[in-house]
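I'd like to ask some things about the structure below.
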Amino acid sequence: MHTALVEGGQATVDTAAQFEPFFPGLIILLPLIGFLINGALALKHARVSAAAVRLGGELDLGEGDHRPETHTLPSYVGPGVMLAAFLIASVNFIRMLSVELHEPHVIEYWTWIATGTFTVDAAIQLDQLSILMTMIVTGVGFLIHVFSVGYMSDDGGYPRYFSYLNLFIFFMLVLVMGASYPLMFVGWEGVGLCSYLLIGFWFSDREKSDAGKKAFIVNRIGDFGFLIAMFLLFGMFGTLDFVPLFSEADNLEYGGSLVTAVTLFLFLGAAGKSAQIPLYVWLPDAMAGPTPVSALIHAATMVTAGVYLVVRSSVLYALSPIASATVAGVGVFTALFAATIALKQNDIKKVLAYSTVSQLGYMFLGVGVGAYATGIFHLITHAFFKALLFLGAGAVIHSMHRSLHRTNDHQDPQDMRNMGGLKAFMPITWGTMWVATFAIAGIWPFAGFFSKDEIIWQTAAFGGAARAPYPALYQVYWVIALGTAILTAFYMTRMMVMTFHGSNRTGVEEAKHLYEAPPVMWLPLMALAVLSVVGGWINVPEALRETFIGLGPLTSEWLHRWLEPVTEQAHHIQEFNLGEVAEQAPFGGGEVTWAVISTVLALATVLTSFHLVIRKNVRAAAEDPELSGFSKVLYHKWYVDEVYDRLIVQPLIRTSRFCWRVIDARVIDGIVNGVGWAARGVGFIVSMFQTGTVNTYALVLTIGALIILGVSVF
Amino acid sequence: MTALLDSIGYSGWVLHTLIWMPILGIGLVLWADEQRAKYVAFWWSAVVLILSLGLWWAFDPTVGGIQMESATPWIKSWGVSYALGIDGISLFMVMLTTFSASISILASFNYIQNRQRPFYALMLMLEAGVVGVFLATDLFLFYVFFELTLVPMYFIVGIWGGARRIYAAIKFFLYTALGSLLMLVGILYLVYRAKTLLGAPTFAYAELLQVPLSGTEQLWLFGAFALAFSVKIPVFPLHTWLPDAHVEAPTSGSVILAAVLLKIGTYGFLRFLLPLFPVAAQHPVVVNTMLVLAVIGIIYTACVAAVQSDAKKLVAYTSVAHMGFVVLGIFALNVNGLQGGLVVMISHGISTGALFLLLGMLSERRHTREIEEFGGIARVAPWFATAFVVTALASIGLPGTSGFVGEFLVLLGAFEDHKGLALTATLGVILSAYYMLPMVQRIFFNPLEKQENREIRDLSKREIVILAPLCALMIWIGWNPTPLLERMEPSVRAVIERVEGATIEARARVEDEVNEGQIVDDGQE
Amino acid sequence: MINEALVLSSLLFVLGTFGVLVRRNAIIMFLCIELQLNAVNLAFIAFSRLMGIDGQVFVFFVMTVAAAEAAVGLAIIISVFRHYETVNVDNFKLLRW
Amino acid sequence: MIEVLFYVFAAVALGGALGVVWAKSPVGSLLYMVATLASLACIFVLLEAHFLAAIQVIVYAGAIMVLFLFVIMLLNLGHDYQRDLKGGAFALLSFVIIGLMAGILARQFGENAITEPTAGGRAIDAALAEHGAVGAIAQPLYTTYVVPFEITGILLLVAIVGALVLAKKSSL
């Protein structure tokens, strides 16, 4: 299974022990096994339920122990493999902690594709970045699997759900552990596939099915960029394996057009997967999937793959100031744009979706200003608090759904205007979600504060670097990022207030059926809440070290130091070409100053908006008047979907129809059939000579003979 | 395994057996009674398939040239011989043929209800013909088999087809025959040149390779051959026979058509066009014409496919797009492109074949192919839906399936010298999702509204037996294509070396001639 | 004299041809064909003065074939006549589809 | 002397040929044809093809023409005096064509006068001297051309059967 590193380093006097991986292949293999088992169960179950559907009904699942094994086994298999994978990943992580690993540890399993000139192995790469991502994916994944056991328990497609979820984890692990771009691409498209399947999990609903399709197609636009980038890279380096590729990247010219093209195309891929402008449109629609899916795929893991891609390719991005500025710019504008839309959404999941888009924008801003570790830092904290928010929302929706279902009410269980005052019914959910809200708003000492603040600070610092490429641009970015932080605090508070505070708007009868989620659901919430608090402490900025009592010195800049082997090459390039980053923000003030300013601002916003929203008389969805003016534009998401439909989708369909009905059917087939008709026409004319009279034939024959005679004589 | 095969002298007789066994089977099928004919045909073709599987081990992957050669004089005065041989290019085509022949015969059990004996006899004849095309190393023999494949296909479409079967059959026949006649003229010219050089006419492939041709001659001959093969592939704009033929053909006809008949065209490019006319094949005008047509084919047919209302027609159009990738790979003229092209050929054979099978099963149940008629079928036929989704994903080239490996290599190869075109072709990746997913959604997802759809049965055991190996192959090739790639590499390399071996001097000569206005490009007429 | 015989042969042949072209009576057309054959025979014999006895052997064959042809051709005419009650070729356009 | 005889017979042959084309009644045509054949037989003699001359008279004039006559009588066409010549543009075109043909052929054969004796003529004379009229033609016929000869025999057999089948009243 694992081939140890063979370079004879053990015997040397160097104290740095060799890193010995602990069955790393199992981390990937376990979810696959889970997928196979759950998949088999799902197929088995599907036949049974299909028979019921054919008879015109639905399959009755029964309750508790009476349920068939297809509905009990996945509860153990699904989370079980995740826990095992997480534990193995942890062992590897701990082993890596104890050694100094400078080079990625690559384990080859088999030759995947090998032609004469191009070879890529099925190989995994263990380094600080991939092991960290693996930990997040399996850890958060495990929690969400556990949550799903409760959330999906009454669903007919229970085993199918877990098989998809396991398959997703498998592909996600391939994505983060793959040792080459093509292998990463396998995971990249694989997670897209699972996302497609899970968004359209309830495929009998046309809208949900559409949403899945949209996600897949938009993702494919991004994948197009990824593919082109790979082709360009292969042209430049002759290999697509990370280790040799990055070690040769040093020889590239700084700011070269080729490297800029590569990085921009890669970013197109990243924008597709991570829902950045202009390809973000699929993510809000993706909320059609089950809520734990939104938490796992569309918040914590898959959508952050773009950030991972940029960090993985940090060497290339560092070489291209244009691409980096683009990444940062797209990121920060997406952050602002999505935040504005989130202000006016009423669907609890839509708010979270746009908030995710916005936070992803922050991450791209971070990696765009060369703060690769910081981008990953925000990725991690975001995974914690956003997963928590989604799961909390899931708990709310679960409760709402059950209540509405039992009272035969056909209102939308996800519309916040129908909620209100849920704090009384769901205290644990309420509490944990507030933790997450503080975290996302960036309030000290919650996780989000450290990561988000550092991104904003790094933007300022990068713009102020000695030879920064576009200093003014970065100052604009910095201001927008600060402003968006305030918007974030506002819309999150609005969401919390509309959901949990104020008067209850569900209706009297419905309110009787509102309960707190079962332990299998709130335990993951608690775990994530803890992580949302302490998650930020792994990377306390140097400047805040002293202010952070106790733990500060211990964990100061830990993540930066941990990721140093991965990012140092990029940092060297950056420092060499741009010089030292600034110590002061554009309007003066150091890191500490602005950290204080931003946390105070965030806290103030939370408090103000809490009071603003709670006083506002929110009405239930059915009675809510139509919006007008700018609010309507925001509510309708700036009409971007409509614009895309008009400018891209409809013209494409029209062109396609034109190609088919005119070019294919008229022009080409017209020519083909025309040739046929011409042949018939000629035949008709010639047939006139076929009089049937022997003499005529004889005459023609004689003329022929005469011609031959004439030719042979003269 | 190799030792076992050696002990029975496998490589000595297998190639002949693969051609003559099906022909023998024709007699058996016609002799059997009407109800048993299908079983006879299936088991007979299964035996052929098993015999062909031995090639996997008997084939020597280190040899680039043609192996297991044998030649018997046939018409001595013309230099025609019955000569067979196999190399890394034809190996997989032969196996694909025997495989898809068995599968499609098995898939016809319910579909073909009347005149069963002649149907299965024609299927076996088709199998023999296609295997012959891939194995012949004599141009005369090749041409005979090439034309022989037309006849059974013509009847299969024309007799057991749908409503417009006559139109489709004749269109198919005329399109192909027209192209192949020009090729015959080309072959005869080549033989004539061989006669002036060697003193005696010869149709042997190896000897024709030695005939030195001027640049002008090569371009003309290239045009004649390319037209014949381009119709077969089909290359845009010669593709309009394909949707009609596919839509009207019975399921098994579509499967064979997609899986192997189209491959004859690209195989012809690899086997004859590039090695015989290397100077013409790398003439920039020729290369660019073919590449541009391939890219147009990819983009254009993908768009056209997306707006089809008939599911079978949709898949037929996607065939054109996939074959565009193959042509793109071939005219990338490097190892990656050619190998990718071959993998796309295999993968397309499997996945599109499977799509046609599935659609056939669907229309057997519902007696319609209109996409709008379906909806929500995944609920009543979950296994069916699973098989379809897996196949569709392989067809659009999702990584981890066979489609990806081929398309990736093709594009990688094409990108080396033709960045703009390859970039445009990569758009096909997006478009493939644009045509395939809506179809999957409209058939299998969405609400289950129609009562007829509610009564659709899930896969039967026989259907599972048909589909399981196909799905397994798609995924296996997707994750481990190396055994395939390493077997084809030496042969592909030989083709490349042959093309590049045509000296720069010769290339310059052609360019001079073109500049003097003596010839015009005729890569496509 | 060989030249003269050849010229005579040409004239006879041409006359035979003319007969085939313009007569409508099937039997006479047939007769004209015999005339053409005879013209050819004459040419053969004339050439045999140049080339040797083989020409005469050929004439022998031509005569045999002519006899066979006459037999079959006349039989056809008889069966056609039975059907159409005429031997005028304008009245039976069998060659037209 | 021989020249004169040749021209006389040639004139008769041509006249007969014209008669074949022009005669109204089939029987008339037939009789003109017999005249042509007979004079051609004489010309054969002049060209030293004695055996063929004999056969011409016996087989052609004797057998085949009688067969024609039988058929004419059988079909009762003997009194059919209607003109069956095609007229108008068709006849004119035919005339032009055969005129051209005659011109080309006559010109071709007329030039390069050949004077006897030639090699072929000497060989025939020698063969005639050695084997006699019949033997001269029998010699090659049964040696060099024995296979075509046999095939001709089969052809005749087939013709007999064919003629029987075709002419029989009821179909088989």
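Letters A, B, C and D mark the chains as written, and numbering starts fresh at 1 in each.
In this section, contacts are C-beta pairs under 8 Å (C-beta built on N, C-alpha and C of every residue); 3 or more make two chains touch, one makes a residue touch a chain.
These numbers come from a predicted model, not from an experiment.
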| item | value |
| --- | --- |
| Neighbouring chains common to subunit A and subunit D, by label | C |
| Most centrally placed chain - per-chain CA mean versus overall CA mean | B |
| Chain centre separation in whole Å, for subunit B relative to subunit A (CA means) | 38 |
| Mean-CA-position distance for subunit C and subunit B (Å) | 57 |
| Intercentroid distance (Cα basis), subunit D paired with subunit B, Å | 63 |
| Between subunit D and subunit C, distance of the C-alpha-averaged centres to the nearest whole Å | 8 |
| Per-residue multi-chain contacts in subunit C, two or more chains | 17, 21-22, 24 |
| Junction residues of subunit B - those touching two or more other chains | none |
| Numbers and ranges of subunit A residues touching at least 2 other chains | 695, 699, 702 |
| Contacting chain pairs - touch in the sense defined above | A-B, A-C, A-D, C-D |
| Interface residues, subunit D side, partner subunit C - complex | 2-3, 6-7, 10, 13-14, 17-18, 20-21, 26, 29-30, 33, 36-37, 40, 43-44, 46-49, 51-52, 55-56, 59-60, 63-64, 67-68, 71-72, 74-75, 77, 80, 84-86, 90-91, 94-95, 97-99, 101-102, 105-106, 109-110, 112-114, 116, 118-121, 123-124, 127, 136-137, 139-141, 144-145, 148-149, 152, 155-156, 158-160, 162-167, 169 |
| Subunit D - residues contacting subunit A, complex | 86, 90, 93-94, 97-98, 100-101, 104-105, 108 |
| Of subunit C, residues touching subunit A in the complex | 17, 20-22, 24, 26, 29, 89-90, 93-97 |
| Residue numbers on subunit A that touch subunit B, as the complex places them | 43, 46-47, 49-50, 53-54, 56, 110-118, 122, 182, 185-186, 188-190, 193, 196, 200, 203-206, 209-210, 212-213, 216-217, 220-221, 223-224, 227-228, 230-232, 234-235, 652-653, 655-657, 659-660, 663-664, 668-669, 672, 676 |
| Interface residues, subunit C side, partner subunit D - complex | 1-19, 21-25, 27-28, 30-32, 34-35, 38, 41-42, 45-54, 56-57, 59-61, 63-72, 74-79, 81-82, 87-88 |
